[in-house]
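Before I ask anything, let me first share the structure, which is written out below as structure tokens.
Labels A, B, C and D are assigned to the chains in the order they are written; within every chain, residues are numbered from 1.
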Amino acid sequence: MSAAIQALELSEKKDIIALCGDLAEKFIKRAPKYDKEGSFPVENFQDLKDAGLLGIMIPKEHGGMGADFLTYTKALEQLAMGCSSTALTFNMHNIAVGSIAELNLKGIGGSRGKTMTEFRDWVYDQSISHKKVFASASSEPGIGAHFSKLKTTYKRVEDGFVINGTKSFVSMAGYADYYVVAAKAADSDSEVPAISYLVVEKDHPNTTIDFIWDVLGMRATSTNPVHFKDCFVKKEALFLGSEGMALYKIAREPHWLVGGYVGVYLGISTAAFRFMVDFIKKKKIPGTDTSLSEDPKIQHRVGEIYAALESARTVTYNAAMLVRDKLGSQEANNAIHHAKYVAGELGPWLTSQAIRLCGASSLAKVFPLERYYRDSRCGGLMPATSDECLSYMGKAAFGTDLTKPTETYW
Amino acid sequence: MSAAIQALELSEKKDIIALCGDLAEKFIKRAPKYDKEGSFPVENFQDLKDAGLLGIMIPKEHGGMGADFLTYTKALEQLAMGCSSTALTFNMHNIAVGSIAELNLKGIGGSRGKTMTEFRDWVYDQSISHKKVFASASSEPGIGAHFSKLKTTYKRVEDGFVINGTKSFVSMAGYADYYVVAAKAADSDSEVPAISYLVVEKDHPNTTIDFIWDVLGMRATSTNPVHFKDCFVKKEALFLGSEGMALYKIAREPHWLVGGYVGVYLGISTAAFRFMVDFIKKKKIPGTDTSLSEDPKIQHRVGEIYAALESARTVTYNAAMLVRDKLGSQEANNAIHHAKYVAGELGPWLTSQAIRLCGASSLAKVFPLERYYRDSRCGGLMPATSDECLSYMGKAAFGTDLTKPTETYW
Amino acid sequence: MSAAIQALELSEKKDIIALCGDLAEKFIKRAPKYDKEGSFPVENFQDLKDAGLLGIMIPKEHGGMGADFLTYTKALEQLAMGCSSTALTFNMHNIAVGSIAELNLKGIGGSRGKTMTEFRDWVYDQSISHKKVFASASSEPGIGAHFSKLKTTYKRVEDGFVINGTKSFVSMAGYADYYVVAAKAADSDSEVPAISYLVVEKDHPNTTIDFIWDVLGMRATSTNPVHFKDCFVKKEALFLGSEGMALYKIAREPHWLVGGYVGVYLGISTAAFRFMVDFIKKKKIPGTDTSLSEDPKIQHRVGEIYAALESARTVTYNAAMLVRDKLGSQEANNAIHHAKYVAGELGPWLTSQAIRLCGASSLAKVFPLERYYRDSRCGGLMPATSDECLSYMGKAAFGTDLTKPTETYW
Amino acid sequence: MSAAIQALELSEKKDIIALCGDLAEKFIKRAPKYDKEGSFPVENFQDLKDAGLLGIMIPKEHGGMGADFLTYTKALEQLAMGCSSTALTFNMHNIAVGSIAELNLKGIGGSRGKTMTEFRDWVYDQSISHKKVFASASSEPGIGAHFSKLKTTYKRVEDGFVINGTKSFVSMAGYADYYVVAAKAADSDSEVPAISYLVVEKDHPNTTIDFIWDVLGMRATSTNPVHFKDCFVKKEALFLGSEGMALYKIAREPHWLVGGYVGVYLGISTAAFRFMVDFIKKKKIPGTDTSLSEDPKIQHRVGEIYAALESARTVTYNAAMLVRDKLGSQEANNAIHHAKYVAGELGPWLTSQAIRLCGASSLAKVFPLERYYRDSRCGGLMPATSDECLSYMGKAAFGTDLTKPTETYW
């Protein structure tokens, strides 16, 4: 690759990140309202659409921005510094689009290749030309994201499929244009069950949503249960035209299901750190005109927090780089679990410490710190959870092959 | 003391704690509403009044319940398990009453003794017969609870005093019947300034309240700024009829200003632990009928959390017992700082871990866990803050005499 | 109990603790040599014998000191501050003697009661009149202290028993006068195997010792493997004349097997803390005449360490008090596991932090701190290990009945 | 740069690292003896010399290996996995050589440039042709590495300098061929004192060594006090021919004084982790034939340790890369302090946890784990200490310019 193209690429990556940084400036002003109401950040998504960001992962030759996973991670970090609910739900869209974009379909010929290509082109077209948003409908009540235990089924019928089941934690429920529903083939009985994805339109008459999302943090994600009752979809709705691959894909390449969250939660911690530094600089040591930042004990503690944050940042960027450069390698997968764990558990600790250092006045809702404290606790609960990541890292250290779905909790 | 009296006493202590436990059952049902609205728990306080608990610290011979500090701490713990805002504000009342109740006025003769006794009897009468509630007005904007830096002043005038200044973080502002205002003598210029307390009636025309309390946690405490502008009070309003003793008193016997919070925050952590255990027992390992509590990894982590909670409990009860048995001793004072630090910083960690183990469904506002997570973060910020407690413990370990106000941050 | 007797008792308890404190002053001078050589602290044990401490747990009416478990714990703490290897091995003796002393044999009549009483009296006589030391031989290679998995067997033969097997980690091997050997009845096949204790004389010709103890810490305990090959003992050698009770006893009353260590490791941490405080007070801030103890950052960190140490102390004393007052209760057993975990894991952290604060010069073998760092790492490895304690606490929190041996790791 | 040259470079870097890995295989066998005796690893240094590694930092055009800082860090890591004392002392040599090698002398003309070039060439020649080893003599009793407080002085005399003072913690004392002595100009009286380096030959008659090194860990480094008494050196002995630059240089580019240790201590932790994984895999769950590595609780804990280790590794490599690519930038300097802190404090925790998981049998001196536990505690004590690094990170977060020596603890 020539130096000129390299420089261009670098600048384009910087442009994407800077673009997201600019949007974040807008988002941060709207964040308190969406958080308070628990309403979906419609204005923010309009901005994302207007900026063409629904195509962030779509290759440039298909009209998208062609972000790699590192650029994408940094873009999410920026967005999350403005509104973490927006960044999180934006990631759900890209889980669908990005996992397609990284496939090399050129080598797949015949009707299979054709079907896949048609599906891909449809997703690209919906995202770019029609500004359509895809949501993920995977988790289930009492099951979480353990795909192998899913109770939602689909049955092959003439010209399509019929889906039955209930999905919990569907972010963007009621807003997204399409749900990508993970379901088990009704007749599957193998140890690794045949799990497939099916695309259902937002207003499909056989879907209902329970609007019950009233929670600690990530309040503006509209993460609600969606029911699918004898819900018919055409055969073109089968994701990538492929049945039964979901579990294998997740085990081999967990970065999309797991890795997207990392940038989001790193962004929250970064925002909290910056707020804290700023707040302490402005605060005076009681009874003096000296900034509290001059207190050597405060410097020490801020140093500890900085160390934890920068460790998480380095680990996160490194993992995203490995996904970019060594997709699906054990090294990349380990790094993703590592980063998910580190960034997921950093937040509650960092924001708690930040409040401790800033003091009682920082608890007020006029400041964003209390929201960061609430939002950040959600990170470790998303798949793969912090404790699942620990198990994966431990098993990998002992040489277990985690590309086998049966060795995972999926 | 005869065994019969001992048994009676023990049973009375148990009665107080059990009474608070019963009230907590009521409070827990009202807690979500008060938390959501950020309104003051008027119904809970009516229950406290009806139960005679405004006199919990008043000796039995004066018509109160005569609780010792250990019994009181356990009572607060019970109340906090129902509604932590109620427990916290109830403690503010007892800071005023309890610090009087532990004085031995018998040895103080003359007019000074008479004034003190009259003041005491007035406070007892207000609390017991008139069900009046006392609030503490100490902290100030930018100064916190650093009494030696207070800007609020009082000036001696004929027949009384005139107060000027602004107090921040006045819990029960607008509800309490009296404010106990810490203020500096306008003419004080010693290294250890003369700080006194003055009692101001709720509806004194020269007071105004800014109702701005909208915060992360402890939302139902109505903790708001109160302004005192040329606010005249009679000379009987001088707390215990004594001027200039506040800083010495706090340094020598920090248990009231510091120690009351400990029971409250221990209560929140206890409630969170119990919720977690219950939640996990009911939850199934995905795809099975086995309780999640059978998972050895979960048992391990719950063991870790139990260890931290029981350490805090043992430390808290031990400190309260030392206050009861060795009031004002260095041992008791160290133990209070120790307990404040431990219980204050336990909560954010424990509730964060509890959410991590319970998973995403535990974030919902239909469960109390997310409130515990929010409320518990406030503990370490109250005086003495976690970091001040660390300094006090460190200094004490090196032999510093913390009964000298100049060695403290007060 | 009359006040006079109470006072006497209190003073006697204080005397025992003070006596051990005095001995510790002697021990601390000898500790470097024994540690360096890895030789057994024969002189220290002679002092223990001379002071009558082999009878510390034996009731006064039988000529002993009649210490309760709290007094005993504090006595161990004192001894460990002088020489932790001495304290640890002294505890091994008391595991045998103390578990007998707390039995109430009065209610047990008939030949069983007679046999038990005779055994008890023999142990008392050996300890007090003959200054004989008992060692515990329980752990086995690859099995540790998991009694239910033991491979050492005993077979009933005419007039006695024949023992076969290898014991690892026998402290005082080569020094103690008797080994109390845990062995499985050769014909036991129940789910909870019949484990009994048998007493073997030091110089029994069918025993051999491998002197291989060369380790990180607790180097002066002579903790070596002992082989028992067709080793015949008379029927009077059966511990308390009872077969098959070992596992039930451990599960129901784990304090002797688990709880003795707690005082020892608390003692090491206490000694390390005191050394640190002293060292820092004497050290100057570089380039000044100011004590390093004036550095606010140092005060902060020392405060953190103090908090952890005092938490462990409070937890330890509380657990020992519960053993004293509520022997065998779930509350006492939980508290022992809790204390074992806390004190066991405190040491490595506390000593590591102490070295960090004291700096590189504190690493020298002329100071005891580096020995504390090494010795303290052993605590969590002794039964029940830190991780077993975590599991026990977790299980107990979920309501598991740990008095059933099958619910434990023993 | 052409792809061919890039590939060659990469392969050369790999060669250096692989070479050090091969040497480590030899070192690990010798490590127990050197550790036990506290003797200097002469054989290991002979291997380093034979392999040409004294020139690892010297550019290839001058006959060295031309390692960059990242390659060097990885090389140290490899060496430390064999013998940490060897790696640590090898780093001392490279502190002298490497800080010269990274200078660009081309732009410096005149007599100053000539003097510097001559000094550089002499150091290169001594290292490569004469296999001479340089030691650092900086720290002083009661002062540590706080250069601005040094008491050792040098006085300009005809044709040279006279040094007086005592250096503590001189690693390789008695082995190294030259001491690079940090000393203060006797007539310096500015706020930032004029500190210079002077090279003294090993056998200079006016030097004496106290062989007193008997410590917890890093026992084979021969780190002893060296006295310089009216010690004359020629003017060519002035390091780089420059006076008074030491403090500025350290503040601006702390990577040599601080960063070299990072690779060493990362190596110890890596070796401990690998030992632990191997040990646990071979160990059986008591009473079974199942590897302990199958225990889900163990997997969890190993996952936690892996996460901490990989965080430290990522942070370390990233810092070394920044030194390589952005020498002297604030980003690189922060990263070095960050890495030093993380790697320095990781070791004691990681090795402590590894012992906890491996159990009591892992304490034996036949295994290296107990040595890792001891050696690793030294990391955080070396300059900049863990607590200094925290302060630096905290100050940098608040915007302090740490390139000013007065803002540092040097």
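Keep in mind that, in the parts below, contacts are C-beta pairs under 8 Å (C-beta built on N, C-alpha and C of every residue); 3 or more make two chains touch, one makes a residue touch a chain.
These numbers come from a predicted model, not from an experiment.
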Of A-C and A-D, pair with higher C-beta contact tally: A-D
Inter-chain centre distance, subunit A versus subunit D - centres from mean C-alpha coordinates, in Å: 41
Centre-to-centre distance between subunit C and subunit A (centres being mean Cα positions), rounded to whole Å: 52
Subunit A residues counted as touching two or more neighbouring chains: 296-297, 300-301, 387, 391
Arrangement of touching chains [line / ring / star / complete / other]: complete
Residues of subunit D touching subunit A in the complex: 273, 277, 280-281, 293, 296, 298-304, 306-307, 310-312, 314-315, 318, 334-335, 338, 341-342, 387, 389-399
Contact set on subunit C toward subunit A in their complex: 295-297, 300
Contacting residues of subunit A [partner subunit B, same complex]: 141-144, 146, 148-149, 168-169, 212, 214-217, 283-284, 286-287, 297, 301, 345, 348-349, 352, 355-357, 359-361, 363-366, 370, 373-374, 377-378, 380-382, 385-387, 391
